[in-house]
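Heads up, the next two complexes both have subunit A, just with different partners, subunit B and then subunit C.
Then we have the complex of A and B:
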């Protein structure tokens, strides 16, 4: 059995096991998910460590046939692009399980959904079969809606749940139609990605079909990643979501769309990609600049962070749209880096919310004195968010700007401005207003995270950012060959 | 053996910062000692490296690959040559003195450990800038310097002014850095590398390689220096940065970080050897080279800051504007092609200006954070050692022979005299102003009668603070005899420099070399001094505001730069943000999403009307349907 199967299997098995745990045994209810996600994380670290960057094709592959008539099989494996995502997803999942202590009611159901989400996300990144790729994503997506609806916060919780559910369902519906169209038009009669890629490499789809099917996948995946102008669900949803859900969704699940573009849309429909990615290059200015400006105007800390997370997705899109080795590698780094960062930031704002009961920026202030650990971690997160060297985000963003310079110089300059100046403006304003200045009387009794268990999730996520920020070759050494393989099929004339 | 020294010099301060943050946070004394020990060892290793003849010539690069993706390969490398060795020595020496000084100055602060961690981190970042062998690595350390400056300016972050000042410093620097990074990418896109040696070689082979973008690339890179070295128009952050603790101002905002821009320009001077050319559309600027722009920006900064300094009353702000003005000198010198004189002045300035700040810090320490010079007076008798070193540093800053500043300023003005007479005159006038505002400070704060009742209780500061001042006073006084320019000329000029004359001849060398410049320089000092004596020798309040009227008010208000920028930002960025927010809220989320939702719901409601549940209605509708179908089929 491949390590990957264990990585996906532990959380799912734990979810099932949790159903038999009586809800009165609260310690056990918490222990099971913690243990399962911890094992998953350790296995994912081991997987990342053992991954051989130079080797061709997928590694840790396992294949079990299922529906032979349609050629659907449980087929998992990772390449340089997905191995980083699996690692990041597993770390975030453990961190999310750690911060779920804030959930006080219906714990059992919450943890059940959390484990389902974890297994689903990791499964989606590991799948080499379009059916399971989609199935695992839905397995992770649906719990998101329930969690926001039941354990969410704020007055507009119901509207946020409503919007995020409809929006994301629409996105995945488009993806589903696209995938089925791809299956039917390819003539290969297989859902297996490896075989499909090989087949389409020899018998490419007609350009007309590519131009028609590619936008289905592009906008379907685009909606899932909050591509401008389909982004308004994200800030609202994250504000209403419970902390763990926001961490997992913004950090990991959102990357599914980008991953799908890179894994399926680009290599299988190169003509469509070259035609449509020009549009994406313009739309991502909407993400980077426009959402950055919107973030400046937010009065709620989570809306600000949510908009900034939308803005960061613009860099990943820009990297993909550049259709070059540097840009796509950069997009891969941004995906991993932003996963850690989004989880870290939402985890920290969740802690603040749990302490203060509000994230209204004007209500907060001076918290750094009172909360040295949480405050310092938030300072680091915000600085990472405005692209400070030493954090992985810098590596990703700089690669994207370098990579897009030659193809779309104007957009690259705008992205540069967005990364260095606009992001700094809203991040520093938030720091100034939330952490600096005099401490209001009413917050004098807040308590910092002193317990190592409370600190652990944030320390883990920060280490991820710093390790990959200081030693980027750990990531790029793996991503670059995978990106080169994708480019070889997607844009053969540009090696 | 010396192969490993540079790594230790760079990483020891980082190690201290990490250790303090992770482990010794609760143990104040230990934290401070760790931090001090790290920088002192770094200093000692720098001295050893400096005296090692193999290190400087022909220079040495130690590097490992840091990032390699497609056509972008970035090393993490340490470049050792005369320029970086000199900078290493300056940075570690000043940092060492200030670390020790801080041990007393910050003793009562509740975040003592965090302070030392930040200071050590800054030292690491600054040394990284100095040692970098390529643009991207330098940019990364450049940003880290910026962020440690942000953290240290806002160290007392519960004070709104300090928190705002830190934010302003970081944002202003970010604007410059955006230009800097764009310049780096432009160079990479055109020449294929970010490595200094590689780029220099490419440009030396063919100065036209950059084609139409040569001037633009030079100016974009200069943007970085403009922000870090606080040149007009990005100078506004430096005076506000004085909200940080005074040792921080001495280290970061006087001696090292703000000099990084000048250092960087010297490091990448090869860029300006490219044939100047503008891209299509900007060809009307032909004839203007990047260096010319740099020289004028430096000159204007030097003059303007000196003028503003005359009407400041806060002791640290006077020194801050003085720093701006001296940085303007250095940038001007680089623009005039005088790398040697710029680095010379940078070196001497680092020592006497940090000494001035430490003196100011001593006064502030004893006066319980009083910074207004009009509430001081007569400190000469109360704090003789502080006064002595402060006066020495002032004289060095003014350029009185045979102190260090005399030599470097003369070299700088000599360069201007040879290259650009208007800038020389501007520099000369600035020199007179410098003497004027510095002696205004001396007369008001240290001489005369006590201007506030607290002065009586003032004592000299403890030895831990005096010792670093004495340590810095030695180079501030004597550095001129060491002939830094000769040391650097070995690297910067192709002509081998003349042998260094004995020390007694050095004092008179400027008079033999360019006598006019030397005499005019001395004359400017004399003018400034006598003017200050005449106006402030016995003044009980500042007479200038009455005499100068509106001009004095403009000077006090720093020529309204902050107000102007606030207005510009309000009509550009803030307005755009308002628009984006409005569009997001009303058009995308409102008309778009709610609209789609509303239309769907509207049709749903419309269709619901049909579902009456009434059998007769259904029957009628059914009948009507049949009729319509039959009609359609039969009339076909």
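Then we have the complex of A and C:
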């Protein structure tokens, strides 16, 4: 069996096993998910290490027939684009399981849902079958709903829970219709991506069909990635979500839409892509500038972080819209980097909330004195968010700006401005207000993460950012050949 | 010899009659146990149907009765559904003022009607089967005769059901007048010319009114919420599972075996009915605060989804309906069994009564959550794959006829809306604050097994659809669709 199957299987198997653990044995209830996600993470690191960059096609492939009459099969495999996402997803999942110590009631249910979500997310990135691609992604939907509903926080929790669920369902249903239309229109009668890509390479879809089906996938996936103006679910949902859920959702699950665009929409419908990506280039300015400006006005730290994460998605869209090798490679790096970054920031704000019970920026202040470790980690996360060199985000954003310079220079300038000026303003202002200045008396009793177990998730996520920031070739070396393969089918006229 | 083909139905009726006889000699406090005999008997009959084969159609009673793949599929479906309903009724027994023995027997008689409906190959058997189902339900609906809402449900069902039957029989008369035969397969020399004659079409339209009542399709859906809410829970379950499926098998047979030309001719009407049914059911369910009433509206919505398969008018669409019904069976059986147990004292079905179910019984809470998620059509449960197949069938038609894309859009809208009220039930279970009951719920062993069966069914149809999909595709070959 392929390592990938184990990577998907461990969390799911652990979820099922957890059902038989009596809820009184709290240590075991805690240990099972930690162990399972840890094994998954180790396997994912091994997978990343063993992956051979530049080799043609997919690696670690496994295929099992599932529904013969429709040619649906369980087909997993990774290329340079998805191997980084699987790694990032597995690391974030382990970190999310680590920070879940804040959950004190109904732990068993929480960990069950967390594991289910993890298995679903990793499965979605590993799937090479359109049906399973969708299927795995949807596995995470109901866990998100229940987790925010039961363990979430804030007064508008109910509203946020339903908003995020209904919005995301709408997006994924559009994707489903798009995938079904692709299956039927192609005439290949297969949901298998590899065979479908090969078939459509020889018999391309008619331009009419491409122009009609592409927007379904574009806006479906767009809703899932919070493409402006379909982003309103994200900040509210992440504010209401418990820490682990926000980490997994903002960090990993959201990348599914971008990955779907790159994996399915672009290579299979090149004509549609060229027609519609111009629209995306304009919308992503909405992400970068509009959401950046919105983030500047936020009074709640989590809303600020949520809006900034929406803003960062604009860079990934811009990279995709540039339809060039550098831009798409950049988008791939942004996806991985932002995964680590979003998980890290939500993990840290979750820690703050756990300690203080509020994330109102005006209530906080001077926390660096009491929380040297958490505070420093937050400083690093915020600086990474501004695109400081040395962090992986810098690499991705620079590549995206370079890549889009040729095709859409004005937008590239706006994006640069958004990243360097607006992001710096709200990030640094938040740092000043939360970490510096006088320490209010009520926070004198806060305790830092001194226990190595508490530090571990943040250290892991930060090292992900720094390693890929200092040695970007680890990522780009793998992503570039995959991006070239995608471009070869998507835009054959370019070198 | 050929009469033996109907042996499963005869066995069910005999079981029912036997129960009525046994009822005479059973002391009142043990009458509840009769249900176990019924369950065991039905289990045996269900097992015995697996010795039958439907690949070659066989006829009995002068072509009135057909035994083919479709019939066999639905007979097993109804038997399984009745099995779950009977288990539910044994839990419900102490809430009836009297006559639990008759209640079991009536379920079996209605079941026999459904099984005959599955084999109907002639308008006369169609009518007889539907009447057997409907008349049994008149009694089953109002079985809690000391409760006003149960009587109200019975009266509403009686009046509207009688009206539908009148349409049906009047329509059959016109069909006979137009075509000169009651058979679904007219063999006369000029039969095809007649199939588009106005008289025949008028008759067929009236027959469809009768069937529309059974499946609760717009504009014949008005009874569903009231009757679902007022009837005893096992009756509601059987209405939702069995009666609806019987309507669908007859609809498929009448449309695609008996009058394929007219069916294609009326395509726009089907699409309109389907779209309005989906919208009515889903939008109507949004403000509901009673679980049974909510499921009544949701059953209208699901009739609408399944009509997608009818409107698609393809083998893929018909197979999708069968698959969808399979998932619907397990899902609804699970939901109603939980409702039956959770509202032991009141049987009101108010959503507020579900608050804190998670503390009263985590297992029941999880089961109801699974059922709601499956109804909403989210992987990895049965409802998802059914909806996937239905949508696929409709999108397939859309390639040649763009009007179908509107239907897809309506269905998507319906699904998103439905998610709201299904998840509202989940919300009530897990994080609603208004707890009214706190006592832990005891689950009898047989019921527990039946719930395990439902969960296994939902997961099996959602996770491993291959085998069941092949069955469904085999079964619809009887309809000669392409």
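Keep in mind that, in the parts below, the second predicted complex is superposed on the first by the 495 of 495 C-alpha atoms of A that agree within 3 Å, B and C clash if a C-alpha of one lies under 4 Å from a C-alpha of the other, contacts with A are read in each partner's own complex, and residues count from 1 in each chain.
Just so it is clear, a contact is a pair of C-beta atoms (placed from the backbone, for glycine too) under 8 Å apart; a residue touches a chain by one contact, two chains touch by 3 or more.
Keep in mind the model is a prediction, meaning the values are calculated, not measured.
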{"item": "Fit-or-clash call for subunit B and subunit C when the two complexes are aligned on subunit A", "value": "fit"}
{"item": "Which of subunit B and subunit C A:369 touches, first, second, both or neither", "value": "first"}
{"item": "Subunit B versus subunit C as contact partner of A:158, first or second or both or neither", "value": "second"}
{"item": "Partner chain in contact with A:451 - subunit B first, subunit C second, else both or neither", "value": "neither"}
{"item": "Partner chain in contact with A:139 - subunit B first, subunit C second, else both or neither", "value": "second"}
{"item": "Touching partner for A:293 - first (subunit B), second (subunit C), both, neither", "value": "first"}
{"item": "Touching partner for A:24 - first (subunit B), second (subunit C), both, neither", "value": "neither"}
{"item": "Touching partner for A:149 - first (subunit B), second (subunit C), both, neither", "value": "second"}
{"item": "Winner by number of subunit A residues touched, once subunit B and subunit C are compared", "value": "B"}
{"item": "Inter-chain angle, subunit B to subunit C through the CA centre of subunit A, in degrees rounded to a multiple of 10", "value": "160"}
{"item": "Shortest span in Å between Cα atoms of subunit B and of subunit C, once chain A is used as the common reference", "value": "5"}
{"item": "Shared contact residues on subunit A - subunit B and subunit C", "value": "166"}
{"item": "Residues of subunit A touching subunit B in the complex", "value": "163, 166-167, 229, 231-233, 236, 290-291, 293-294, 296-297, 324-326, 329-330, 366, 368-369, 383, 386, 388-390, 394-395, 398-399, 401-403, 405-406, 412-413, 416-417, 420-422, 424-425, 428-429, 431-432, 435-439, 472-473, 476, 480"}
{"item": "Contact footprint of subunit A on subunit C as seen in their complex", "value": "358, 369, 373, 378-380, 384, 388, 391-392, 395-396, 398-399, 408, 412, 415-416, 419-420, 423, 426-427, 430-431, 464-466, 469-470, 473"}
{"item": "Interface residues, subunit B side, partner subunit A - complex", "value": "65-72, 136, 139-141, 143-144, 147, 154, 157-158, 160, 163-164, 167, 170-171, 174-175, 177-178, 181-182, 185-186, 188-189, 573-574, 576-581, 583-584, 588-589, 592-593, 597"}
{"item": "Residues of subunit A touching subunit C in the complex", "value": "66-70, 106, 134-135, 138-139, 141-142, 145-146, 149-150, 158, 161-162, 165-166, 169-170, 173-174, 176-177, 180-181, 183-185"}
